[in-house]
């Protein structure tokens, strides 16, 4: 959790120095990747990453909610008293999640079915609330948008990393296209809950190795 | 298809364990499973909040069906649950600063604990009646606490192990959770 | 829930009546010396006497360089209650007063005494302590004046140990003739050869402790000694001899009390808390021999043995005899690699042959480089539980070892009763992974004690 | 229709919620100074305890309370301390930088071993076994507990098994002082240039058999030092730092180099007389 | 006397003549007859499977030690045990590439990530098997009849199936007694089961040899006898009660005892010292938990066999058992000590 | 310390802004949600309907048109347009002849409840098609009930003919071991997915026991126009 703490600290320190919005955008993609570095928003990452398509859809839905809520929170940041901020943020987030929910149903019932309750559960994705709380409530609209896009795309990236691995190994397909000649042995464990845990853990390990290498270089 | 209460309990606690099968509540799970003490406290807090929100959710659902506004389900769930949790949080902060310190930033995060909202959503979609919902919540909380305590015990023991540096932290917890999740697969299909 | 469940004894096995729980059975290796009678060891031309020979405060030197002293003359006086005087083991001349090395590696003030070759080594007598007329306090004072410390190895001032605190009653005087350390046969020979001294000592001890009854505890591998003592008990003396099973560390006073009386000395407590005072058999014999003459202790019985020694045996060695001289006399092998003072289970490895025999030295075991069986490799703890089944204090050495490795000393003390460990070595002996458990615990205990002192100081300041 | 329901329901719900929160806010409010968090963020998070508090947060609390000054934190840089001071509107409360110094120079090149130690490869463990195998009872065992315990990478064992302190990295957290079983480390202000690199209490040349750089308690340094700068106590020179000690004189005649001087450019230097020992040591090191 | 310095070390200066590697080696000895019988009854296929898992487990251990720049710990034989045990729990015609993968997982996931021998909170072989079970459920439940006539002359094509490809099922699959009971209510003959004339995992079929191996280890004091006794005892008692209640629905205790991996699990898997509690009472509780779970999963669960899951779950519980059940320390009062 | 107490006072805001903010946001959110709901509702309903029809086509091959029937409280089947209540769907071919009835069934599977749709031909009294609506069965194992061809073949013509007095079916649908199917009312299991395949047979058995007599007795409802 220290990674998370640190990030929030960085966030609060960064408000002092005027950095360009591009920075906010890029940090979420890689350096402070919400999943791999901050270990936030795990539930959907694990639950709906059994296929690449689900992962991508979920990621984009989350990004949309994150973006919209960051915009609104940033706009209303001087209007909302501190004591009711969390409640207000949740209201805002829940609204956009409901909207997303209906939008996805309208796009494809099939997709909605496979994502299941996890669309609704975007509401409680720690990532969204923590960005609203730690960033958007303290920063200008432009920066908040950049932050939301960066974090959101970082989230999509992470989800996609997991989804791709799990789908390829677990089902032998990628976006439902068979990758291997028939007779491929699926690694069923990958689409099971345990596989979700393992895949995420392995991605975290890879990131840790990168981090260690980098530290060594320094 | 009405299920016996006992099977509902087994289902939500062991077979479809919220943490290990549904991945609900992973964030607090990673954070507070490091120590047995905090794990049990967190388990208690979650149990409490789950029971309350299960009852809230049942009431809200009935109300929304009555006024024919299903589209308000999610937002009402989250708002009511969040406010309940916030009340609990303030209460804890006032009453037991040590407990508050132990749970740290995770008390506000109970609000954003997917397990609690997930519980509300699942019990509604399964169409449980009040008693069934209550048992379902009880099972979910028991399962959550069980998983939390099991992992906390293992992590406490692994404090004193030569875990490779790269693996330490969230990755290790996830790997343990994965192994436990496989072990819990042994319960699948369990019914009396 | 934290403590054990009552019927755990049922599951822990090994809870035979008449002995303590757990324990180990190291090879005894006593046969080579237990038949050899005690012989006087030659007087060394140079005696080196450290002033620290006991637990407690050092004694203060009262002689000066160049002074001639007689055997038995007071060389250093006690500096308080937790201190005993030091008597000259040989007639000779004080050559130097300077720091001398000790087995702990520390340099302490000491005396270099050069023997007078012509001396008859007649012992100087002092004021006798009359058994009939002396009060309890006078006997204890006499024991202190004789410079007697626990000869079993711990070297704790005997008069302190024998003192029954106000409000406590001593029901039993326990004479410890167990000698569970492998190789050592000192007490065995003392019991066979000095029965009269032992019984005289018991008389003094019974009087000083007020105990109505004395029990001599002997391990079953010394039945001849038990028989000998039993048949020689004076009729007026309320003494019984109890034979207990052979098991290490039977000789620890807590274990002995449990084996004989079925009582457990409370954690952090002393034997007197269960109405018992324990004295080593050699110490008792020494009291019985010295007090009637008012003498100070100048020599003691030592088993010198081990594969590295040619002339093994039980010797009466003047205190202060340099180890180098001792090994020369017993014709130690060329390739000695390890020398222990005390037995191999709890004895201390000697780092330097320039140290000398002290009051607490019960034996010298010499190994050559060929006999030493060193664990080649330390494996991680596999939690096999051998140590748990060995620990006489029913601690969990496995857990303690892991905690020590990760330096969680406070947890060890608070949760796992670290301070009850008395370093008997059973756990290390059985550990298949060759983890240096005893060393861990010794270190942890010293750190925990330091922290406790620091905490107390802090509280005091506040 | 559903629009009205939605507005009514949500409006009502939020109103209820807001009222509840307002009440809760009144009844259950616990005040915590927000500056504590900020200050804690500004501290280095080393939790080293050099400030005398159990960790950074308690220190932050005491800073906010005004019970202590930022200068107590020896780990953070000058600038960082200034930031905290500015934030709280207090003085930095500068304290002179302390560094750890070792009172032993008896590396494997100059000191003899009495016995071969086997067992736990830590100084703390070795010191329990007859004080470790080292000939000099007081000397450094060289197993590197201090290197291990140092969180700041400031201590490194040199090729002769003697720890060398990096003055720049040392934060005077005191961990090495605590861990050394021979109590060889002390924390001293960097300005203390003169110190004694030996702790043996023996007198005379006997000790030289065990260690060539041991203090023989000859007392020459005390004689050469101005005023009461150096006195001999327990066979060791004791430096009275309250005197002016900006002179290299005391080290010059030391036969074993056990009293040393920190030169700004050259580092730790020894006196003229002891040069032969250093050379000898170097040669020995070269041979081995 | 020599002038060279003496050696000093801390007491005790003598040690008992046991060593971790000899314990492990003896476990291997005890497993060899079981493996031998597996080869005898399932032929060359079983041999290949067991060899593959063993080699991959040992190789992984060696490679991971190298990777983390530690001295290779292959010499302590524990990897061999894990590999052998894993091989003994797999179906006889299990594809070799999967077996190899299982060996790698057993060591990497079951042991290495926790810090190697002594820290593995789960039994490594079972972790490997659990992953295989979850990853390749079909291959893991394709059984091969025991004592097939051509078992020494032909290698099953499924054993040699191409890596990453599905095994081709070329044999008439023989149901295990447990699955036959679960799905078809057929109870196998108990003497057949004791002697291993049934189909099943390579090493779980011959209860007699497994028992003998266990007795050998118990006599040599290299195994905690309380664990298998507690497990088997609990299973006998529980299933005995159920059998008395209704022998039509519930199988007999004898059947429960000799079917599936219970023997192998109770004697060789649950007794993994590292992953089991340490106190005598603790291991009894641990064994009882495994026994209860085995019966519950077998009788009421969806799966025919639950020994693996039961042991993994009990492994996870064992730190708690150790925490709650401790020996009463000498000289402390029998009441709970509070600080 | 004075500034600390000042901060404390400042930290406590007035209640009105809190109320205003919350209620304002609440109302705005409500508006947004309702608008979305209203906006997407028609399309969602259409999509759902399409999905249902597709499923019906799968279990009743050759279907061109469908009709929905509601089982009333009086156990009567009536044509309906609503989507509430207990429903079955009749499928007709191009010439308007009844192909069969699509019936939903559900029951406990291996992991969770399985919902299936199957086609029943009341004329031949056979089950002629089968489709899994919802299942959480173990991928690769239990989910073979959706893919395994030899398993699906069971349901091309599964005999569920009624007994003489049309009160129940003659032979219960019985699951058997893979490859052991001998009678037309038996269902071949799937190796390695025994539980899931058994569950399907059981769900179907239970469902057809209920629906079979009902539908056959009111067969004319479906053909009447």
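For clarity, chains are labelled A, B, C, D, E and F in written order, and residue numbers in each chain start from 1.
The working rule: a contact is a pair of C-beta atoms (placed from the backbone, for glycine too) under 8 Å apart; a residue touches a chain by one contact, two chains touch by 3 or more.
If you're wondering where the values come from, they're calculated on a predicted model, not measured in any experiment.
**Q** Chains shared as neighbours by chain B and chain C?
**A** Neighbours common to chain B and chain C are D, E.
**Q** Return the chains common to the contact lists of chain A and chain D.
**A** B, E, F
**Q** Which chain's centre, taken as the mean of its Cα atoms, is farthest from the centre of chain C?
**A** Following the centroid criterion, the farthest chain would be F.
**Q** Find the two chains joined by the most C-beta pairs in contact, please.
**A** Greatest number of C-beta pairs in contact occurs for C-E.
**Q** Can you name the chain that lies farthest from chain D, using the mean of each chain's Cα atoms as its centre?
**A** Looking at centroid distances, F is the chain farthest away.
**Q** Go ahead and note the Å separation of the Cα centroids belonging to chain A and chain B.
**A** For chain A versus chain B, the centre distance works out to 21 Å.
**Q** Please tell me the distance, in whole Å, between the geometric centres of chain B and chain F computed from their C-alpha atoms.
**A** Those two chain centres are 29 Å apart.
**Q** With chain centres taken as the means of their Cα atoms, state the distance from chain C to chain E in Å.
**A** 48
**Q** Can you check how far apart chain E and chain F are, centre to centre, with Cα atoms defining each centre and the answer in Å?
**A** 43
**Q** Mind pulling the residue numbers of chain C that touch at least two other chains?
**A** Correct list: 348-352, 374, 380, 436, 439, 442.
**Q** Multi-chain contacts in chain B: which residues touch at least two other chains?
**A** In chain B, 71-72, 75, 79, 83, 86, 162, 167, 172, 175, 179, 182, 185, 188-189, 191 touch at least two other chains.
**Q** Indicate the residues of chain D shared as contacts by at least two other chains.
**A** Residue numbers touching two or more other chains: 2, 6, 9-10, 13-14, 17-18, 21-22, 25, 29, 114-115, 118-120, 125, 128-130, 133.
**Q** Quick one: in the complex, what on chain D touches chain F?
**A** It comes out as residues 2-3, 6-7, 9-11, 13-15, 17-19, 21-22, 25, 29, 31, 33-34, 66.
**Q** Mind pulling up the chain A residues that touch chain B in the complex?
**A** Counting only chain A, the residues touching chain B are 1, 39-43, 46-47, 86-87, 90-91, 94-95, 97-98, 101-102, 117, 120-121, 123-126, 129, 189, 192-198, 200-202, 204-205, 208-209, 212.
**Q** For chain D, which residues are in contact with chain A within the complex?
**A** For this pair, the touching residues of chain D are 14, 17-18, 21-22, 25, 41.
**Q** Mind listing the chain A positions that touch chain F in their complex?
**A** Going by the criterion above, the answer is residues 50, 76, 79-84, 87-88, 91-92, 94-95, 98-99, 102-103, 105-106, 108-110, 113, 170-171, 186, 188, 191-192.
**Q** Where on chain A is chain E touching in the complex?
**A** 180, 183-185, 187-190, 192, 194-195, 198
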